[in-house]
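Each of the next two complexes has subunit A plus one more chain, namely subunit B in the first and subunit C in the second.
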Partner chain A sequence: MKKIAYYPGCTLKTTAANFEESAIESMKKFDIELEELDRWNCCGTVFSLATDDLMHHIAAIRNLIRVKEEKSNQVMTLCAMCYNTLKRSNQRVKSNQEDLDKINDFMYKEDLNYNADVDVLHLLPYLRDEITFSKIAKRVKKSLNDIKFSAFYGCTLLRPKEIQIDDPFMPTILENLITALGGETVETPYAIECCGAYQTVNQVDVVVERTKVIIDGARNQGAEAIVTSCPLCAFNLDHRQKETKKKYSKFIEMPVFYFTELLAYGLGIEFKKEWKDLHYVDPLSIFKN
Partner chain B sequence: MAEKQKMVKIHILGEPFYVPDGLTIINALEYAGFQLTHGIGCREGFCGACGTIFRKKGDYKLQAGLACQTIVSEGMYLAQIPFVPAEKPIYDITKLPPDITSFKELYPVIFRCVACNTCTKSCPQDLEVMDYVQALIKGDVEKTADLSFDCIRCGLCALRCPAEIVQYNAAILARRLCGRYLLKESRDLTNRVKEIAEGDYDTELDELVKMDEDKLKKKYYEREIKLFD
Partner chain C sequence: MQKEISTKKIFSKLLEKFETISGENTFNCYQCGCCSAACPVASEMDLLPSQVMRYIQIGLTDEVLNGNTMWICATCYACQARCPRGIDIATVMETLRQIKLRKNEDWTVLGKIDVDELNKLPPIALISNLRKMTG
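Showing the complex of A and B:
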């Protein structure tokens, strides 16, 4: 089995454990083991934009040192936020030797210096480019049976340009995966909008409004469920439906999936009760077979 | 004639003093005439009361250590810390779940960690302090309990943390939750507590309490240590 070093991130160990497990199980079907790093820390999210704020890139670079410690030159991520933060910090030190030197000097207790030589991967483009959607289509055991999905990309996989995994205005990667799994997709203008992000902590109402617009928009196009890749988008779009329903009594709830849960389902992996329990809206209601 | 004691010059609160080489910081402070009522405890490196910040001559780094375990050197600058006034919420352990929610409520400051590792650099017990804070952030209470097991609560991690986290107080909550909810019950311990409660050792304990000091010392040093079979 081919091994790829894997960086989970904090959310995938708690509220998005369904994302992690479904990804690991699915990759095994393609003879790939996502091997979790022995030691890792928070990715440092969100990527710091201040040019003079190196402290907030240390977390990201320390993780890349951990990858090197395990004799690897690439690391797989699942969380869109972690991908964004790790990859951008990596690019920053790659193109700025002075920053890299300062960070290495600060981390003098580490055994290794970082040489900006780790590739940060994300599972979605890996599925598209390395495994390929046509191969996935051939492995489907349980088709999504024309269930209609609306893809929700969020911000961090598509922006900024240097790290985008697809066209930022007309992305198709999630739709193509769904098609490969036998599902249908609908187009909505909201697929690349913001979910409300961290406003969810102290301005729930902002997120309620976003959730209503996005879910209603998907339903108006005939979608039965949302598919996403970001744990924060998933939390806002799924769990905040509770508050949305409270505010708008006519609002109709819609299940929200991680793309890996649908991939696992398609590959014939059991949709575990533990995964279901992490959803707010019952995910299993839409499956017809 | 006995060899002349080598002396070193150190600075205590900015004042120069000559003290014998080889003393610990605590002994050097006392040699210099300071009477310590705070920031001192067991003198054996176990109680964590004497966490201190110092600087060695010619080095820009502020270093942290235990005053009873660190040996003075020529030109050292000392500033003894009486105690660390770190945040310590009051909680009822029976009402806390052994997971991340307890820490979100009582120690939300842990999420400010930027993984700079300054806490680890300052730990006199050589613990991976940053790793246990990170384990907490991802909800792994058991790992935090494990990694912080040898913590003596000197508070130096919290003193040096740029994110103002109170690592050692969060860690003891992790160990308490782990001990109460996550670890397997130890039958030996349960049985022993029961024996004590039922008074099985009362006679022997009374004997010890009444014994004079010399006899007690003799008995202690000659005691037989039995390992479990």
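Showing the complex of A and C:
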């Protein structure tokens, strides 16, 4: 079995455990083991944009040192925000030797210096480019049976352009995966917009408005469910439907999936009760077989 | 009569600091409004992103810093992806936040949020919010 170093991040160990488990189980079907790093820490979640703020890149770079310690030059991520943060911090030190030197100096107690030589991967482009959607289609045991999905990309896989995994204005990677799994997709103008992100902590109203627009937009195009790749998008679009329904009584709820849950389902892996329990809107209601 | 048009009169210490932290030149903005059109949360803002850019250009920094635009921004980069002048508006917003946060003026105060609500939040929400909204 081929092993790839894997960085989970905080949320995949808690509220998005269904994302992690479904990804690991699915990859095993392709003889790939996502091997979790022995040690890792929070990536920082968001990339610091201030030019004079190096401190907030240390958490990300420390994780890349952990990757090197395991004799690997690449690391797989699932969480869209971890991907964005690790990749951009990596790019910043790769293109700026002075920043890299300062960070290495600061982390003098680490056994090795970081040389900006780790590739940060995300599972979606890996499925597209390495495993390929045609191979996935051949392995489907339970088809999504023409269920209509609306892909929700959110921000951190597409912007800025230095880290984009697909066309930033017309991405198709999630749609192509769903098609390979036997599902149908609908287009909405909201697929590449923001879900309201961390405003969900202290400005819930902002997120409620986003959730309403995004779910209603998907429903108007005939979608039965949303598919996403970010644990924060998933929380906002799924769990915040409770507050959305409270504010808009005519709002109709819609299940929200991680793409790996659908991949696992298609590959014949059981959709576990523990996964279902992490959803707010019942995800199993849409499956027809 | 000759009149001199210059940015010198409005170029305050604050704007100098702003350019140092952001690395962005707001005078590149020609007010096309693409950023405001692209922003999915513009309706919640006191000033639209393009208005913030204009206010900074003409030195109305207090108005910008006392508004809510930079706190509604969730750094989604929709504006930056569409700016025809190559301005990183998300970084402009971050810089405005930083100017406040470096003076200990936090936007998120955890004590004001119900504990049951906090317990429901995933780590990704809490950490990202505290990273952007507190100093």
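Just so it is clear, the second predicted complex is superposed on the first by the 289 of 289 C-alpha atoms of A that agree within 3 Å, B and C clash if a C-alpha of one lies under 4 Å from a C-alpha of the other, contacts with A are read in each partner's own complex, and residues count from 1 in each chain.
The criterion applied here is as follows: a residue touches a chain if its C-beta (ideal position, glycine included) is under 8 Å from a C-beta of that chain, and two chains touch if they have at least 3 such contacts.
Every value quoted in this text rests on a predicted model; they were computed, and no experiment measured them.
A.B. asks: So, does A:Ile58 touch the first partner subunit B, the second partner subunit C, both, or neither?
C.D. replies: The first partner, subunit B, only.
A.B. asks: Touching A:Thr14, do we find subunit B (first), subunit C (second), both, or neither?
C.D. replies: Touch status of A:Thr14: both partners.
A.B. asks: Between subunit B (first) and subunit C (second), which does A:Lys109 come into contact with in this model arrangement: first, second, both, or neither?
C.D. replies: Touch partner of A:Lys109: subunit B, not subunit C.
A.B. asks: One more residue to check, A:Val201. First (subunit B), second (subunit C), both or neither?
C.D. replies: After superposition on chain A, A:Val201 lies in contact with subunit C alone.
A.B. asks: For A:Phe235, using the defined touch cut-off, is the partner it touches subunit B, subunit C, both, or neither? Pick first, second, both or neither.
C.D. replies: A:Phe235 contacts subunit C only, not subunit B.
A.B. asks: For A:Val140, decide between first (touching subunit B), second (touching subunit C), both and neither.
C.D. replies: A:Val140 contacts neither subunit B nor subunit C.
A.B. asks: Quick check on the superposed pair: does A:Asn41 touch subunit B, subunit C, both, or neither? Answer first, second, both or neither.
C.D. replies: It touches subunit B, and subunit C stays clear.
A.B. asks: Touch test for A:Ala50: subunit B only (first), subunit C only (second), both, or neither?
C.D. replies: A:Ala50: touches subunit C, not subunit B.
A.B. asks: On subunit A, which partner touches more residues: subunit B or subunit C?
C.D. replies: Of the two chains, more subunit A residues are contacted by C.
A.B. asks: Could you list which residues of subunit A make contact with subunit B in one structure and with subunit C in the other?
C.D. replies: 10, 14, 42, 44, 56.
A.B. asks: Looking at the complex, which residues from subunit A come into contact with subunit C?
C.D. replies: 9-11, 14-16, 42, 44-46, 48-53, 56, 79, 81, 154-155, 158-161, 168-169, 190, 192-194, 196-203, 205-206, 209-210, 231-232, 235, 239
A.B. asks: Write out the stretch or stretches of subunit C touching subunit A in their complex.
C.D. replies: 20-23, 40-41, 43-44, 71-72, 74-78, 80-81, 88, 90-91, 94-95, 98, 107-109, 112-113, 120-129, 131-133
A.B. asks: For the complex, give me every residue of subunit B touching subunit A.
C.D. replies: 100, 113-117, 120-121, 130-131, 134, 137-140, 162
A.B. asks: Would you pull the subunit A residues touching subunit B in the complex into a rising list?
C.D. replies: Going by the criterion above, the answer is residues 8, 10, 13-14, 39-42, 44, 55-56, 58-59, 62, 106-107, 109.
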